[in-house]
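In structure tokens below, several structures.
Here chain A shows up in two complexes: once beside chain B, once beside chain C.
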Partner chain A sequence: MTIAITTQIICFTILSLVILIGALGVVLLESIVYSAFLLGGVFMSVAGLYLLLNASFVAAAQVLVYVGAVNVLIIFAIMLVNKKEDLKPINDIKSRRIISTSICLTLLSLLIRVDMTNVWSLSSPQNSIGEESTIRIGEHLFSDYLLPFEVASVLLLMAMIGAIVLARRDVMSKDISTGLPVDQELIEKSSEPLLTNKN
Partner chain B sequence: MMSLESIPIQAFLIVSSALFCIGIWGLLNSRNAVRVLMSIELMLNAVNINLMAFSSYVDNNLIQGQVFTIFVITVAAAEAAVGLAILLSLYRNRVTVDMESFNLLKW
Partner chain C sequence: MEYGLDLEYSFNEFLKGFGLSSEIAHIIWLPLPMLLVLVAAVVGVLVTVWLERKISAAAQQRIGPEYAGALGVLQPIADGLKLLVKEDIIPAKADGILFTAGPILVLVPVILSWLIVPFGQNLLISNVGIGIFLWIALSSIQPIGLLMSGYASNNKYSLLGGLRAAAQSISYEIPLALSVLAIVLMTNSLSTIDIVNQQTGAGILSWNIWRQPVGFIVFWICALAECERLPFDLPEAEEELVAGYQTEYAGMKFALFYLGSYINLILSALLVSILYLGGWGFPIPVELIAKFLNLPINAPFIQVFTASIGIVMTVLKAYLLVFIAILLRWTTPRVRIDQLLDLGWKFLLPISLANLLITAGLKLAFPQFFGG
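What follows is the complex of A and B.
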């Protein structure tokens, strides 16, 4: 660790403020598009925290996977399903809000109490390996974490195939429920949705 | 004020606790299904911050927490892809993303 402690504290304060305010914006803002872009900012700030913890490889992975893939995927999904709709009002919304907020605040106070009162057995020379961490991660992945590493590759393949199967429109040439031939065209035609509320 | 030699681990833990609780609040209160998926990502990120802090402060020789974080990032990417695909097919059938109207499993 070469950065001075004052600089570290300033960076940490700024990053955690960005994370918390951004996360509040993600859950509270009206527009879902603003939420998606704020989520990208939160992911970038979390990558900054990883850099502060001397983990450059995980920070790079965070930026590549979360900002580069997950956030872009979420923005694409918003683009595909973004439709102005008037949500039906829920009659007991106020009691729901009160209950969920109190649950969250209770959990938060419990977690903070555990964080503050527990005596963590920290190892004395902190952040000793520094830039060597990438090499160490590679050694772990190819020795004692080899099986989870391979299982993760199978999981990614399964997720890819599953996502294609789920998001693809028509696999069969005939519709199972109605018996009509289905259109295989790319652009969706207006059709009666299958599961709309009848009442 | 005493001089610190590094940021205390409690600071990281408190940030991750707050982020996790914000994620839970969003998960419980959002009506848009995309926002629910975003809240899940926030919670996964909170867990990752926790793992990284412990791997740096407690286990800084064999940084196993960082390996776990890599795996969590992998699973989160897979989860986001499958979740958004499910959301798309649900939207195709119901023409809404309102969480209150997804009551197919209600008896």
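What follows is the complex of A and C.
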């Protein structure tokens, strides 16, 4: 066994442990802030796994998109609405836990089945392209995967417009949740930054 | 263009002379460039701190540090030692784990980014294929550390500072990445080595700054904003937020933030010089000098000369930019938060998009000048 393979095995073990424990922590921890930070750690470790698989571009994209954008926004949102409120105890918590556990176990068994039935080994070791993968990904995005790529961007645009409508209630005449007419004047006043009036 | 010193190869050959296997030689080699770059980064910070103190003093007609060594050159070391031995305080109601992890998360990505900074043809830690993209990805981790330390301090100024830092970092990353993309479009490669090699043809005339003047300015503004330097130091605006996310920090944890911000400044300056100012390239091509001296380009003397001039040029260009950044800091007022976000989203983002589009068009129209 060469040193390179030993290093790979050690890295793989550590990364997998971090992913498993981190993911469990995200679900089981009471504090939502800890969960959010642990989620960032899980995303980072997944990027590490991509690196081990010689997919450096995918790893960097994973860090940029999931850690740099998604996770930062999650933490940002948690901190902006950081209300300290005690959650009401749910009376039938035990049965809910049993139901969610059984659903999760079903999904897990499905994944295990996919893992067992699929043939994972590459047909030939020459198929790994390493550093060239960036170029290949670009070629695919602009040829056979062009339509899914563009549809995804339309989806993101729709999500963005939806977020703007939700954040700027003053563009709606009726409140979305209650259906009451919106007091336009009040919202105008509160959404205006105090400092901009001075120039 | 595969000339230049290959220190790794020579070092491995040297160790093999003692009867070591190539694997062992490789393992002994691995930590050396990393340590060297770490030391270089820390020394760079010491020099920058001294420069900052001296230049700010000159800008305000003071003398600045004077007694610690000649012209006060030992002052940054004294500052560092002071921070090293100061008591490490964790506030009573702060979150201990996150409070400690925050500064580490801020510093580590910045140091990791030095992986891709080349000082010469073979003088970098690793010529990874994704090159400059690695830096963009790594610099997006930093806001998590800032948010973490802002939250864990349990102080409203810290939290506001952390939120501001994250907002600023997210909004300036986009024009930054778009202006890098225009360069990558011209180079056909993400690797920093290729980016510099593409600019070495005709000395100073082939530098990217002449082909990407708008990109250069956008990149520099965004780099300053990412480093949280004045005029963009809102996260730690001392009149409003005491010291932003670092308000509750003392001793070595504060020093980590301090180190991180200065290493980031030097890294940004180095990357500007690599992307736009020809990296290690001398204003006059080395081939011309070699021809003038009637020496072959592979002669040992020319090789050592090229390598040393490469390091000197990279550092010189970077420190010129650091000098401009310091002057900017001590002569400009701070922007307001709404001005900051307006500048990022309504001005720099459209301009960098247009720059990218025009670069793509020019590349199609004049492939010999804009990379084919």
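In this section, the second predicted complex is superposed on the first by the 150 of 199 C-alpha atoms of A that agree within 3 Å, B and C clash if a C-alpha of one lies under 4 Å from a C-alpha of the other, contacts with A are read in each partner's own complex, and residues count from 1 in each chain.
The rule is short, and it goes like this: contacts are C-beta pairs under 8 Å (C-beta built on N, C-alpha and C of every residue); 3 or more make two chains touch, one makes a residue touch a chain.
Not measured: the values here are computed from a predicted model.
Looking at the shared chain after the overlay, A:Leu52 reaches chain B, while chain C stays out of its contact range.
Look at A:Ile3: by the touch rule set out above, it reaches chain C but stays clear of chain B. By the touch criterion defined above, A:Glu131 lies against chain C but remains apart from chain B after alignment on the C-alpha atoms of chain A. When both complexes are overlaid on chain A, the residue A:Met116 reaches chain B alone and has no touch with chain C. Using the contact criterion defined above for the overlaid structures, shared-chain residue A:Lys94 touches neither chain B nor chain C, since it reaches no partner. By the touch criterion stated above, A:Gly68 is placed in contact with chain C alone, chain B being left untouched.
In the superposed model, A:Met79 lies in contact with chain C only, and not with chain B.
More residues of chain A lie in contact with B than with the other chain of the pair chain B and chain C. Chain A uses residues 57, 61, 69, 73, 76, 80, 193, 195-196 to touch chain B in one structure and chain C in the other. Those residues of chain A whose C-beta lies close enough to touch chain C in the complex are 2-3, 33, 37, 40, 44, 56-57, 60-61, 63-64, 67-69, 71-73, 75-76, 79-80, 130-132, 134, 193, 195-196. Contacts from chain A toward chain B in the complex involve residues 1, 5, 8-9, 12, 16, 19-20, 23-24, 26-27, 32, 35-36, 39, 42-43, 46, 49-50, 52-55, 57-58, 61-62, 65-66, 69-70, 73-74, 76-78, 80-81, 83, 85, 87-88, 90, 96-97, 100-101, 103-105, 107-108, 111-112, 115-116, 120-123, 125-129, 133, 136-137, 140-141, 145, 148, 152, 155-156, 158-160, 162-164, 166-167, 169, 188, 193-197. Of all residues in chain C, those touching chain A in their complex are 23, 27, 98, 128-130, 133-134, 136-138, 140-141, 143-144, 147-148, 150-151, 159, 162-163, 166-167, 170, 173, 190, 336, 338. Taken in their complex, chain B has these residues touching chain A: 3-7, 9-15, 17-26, 28-32, 34-35, 37-39, 41-42, 45, 48-49, 52-53, 55-64, 66-67, 69-71, 73-82, 84-89, 91-98, 100-101, 104.
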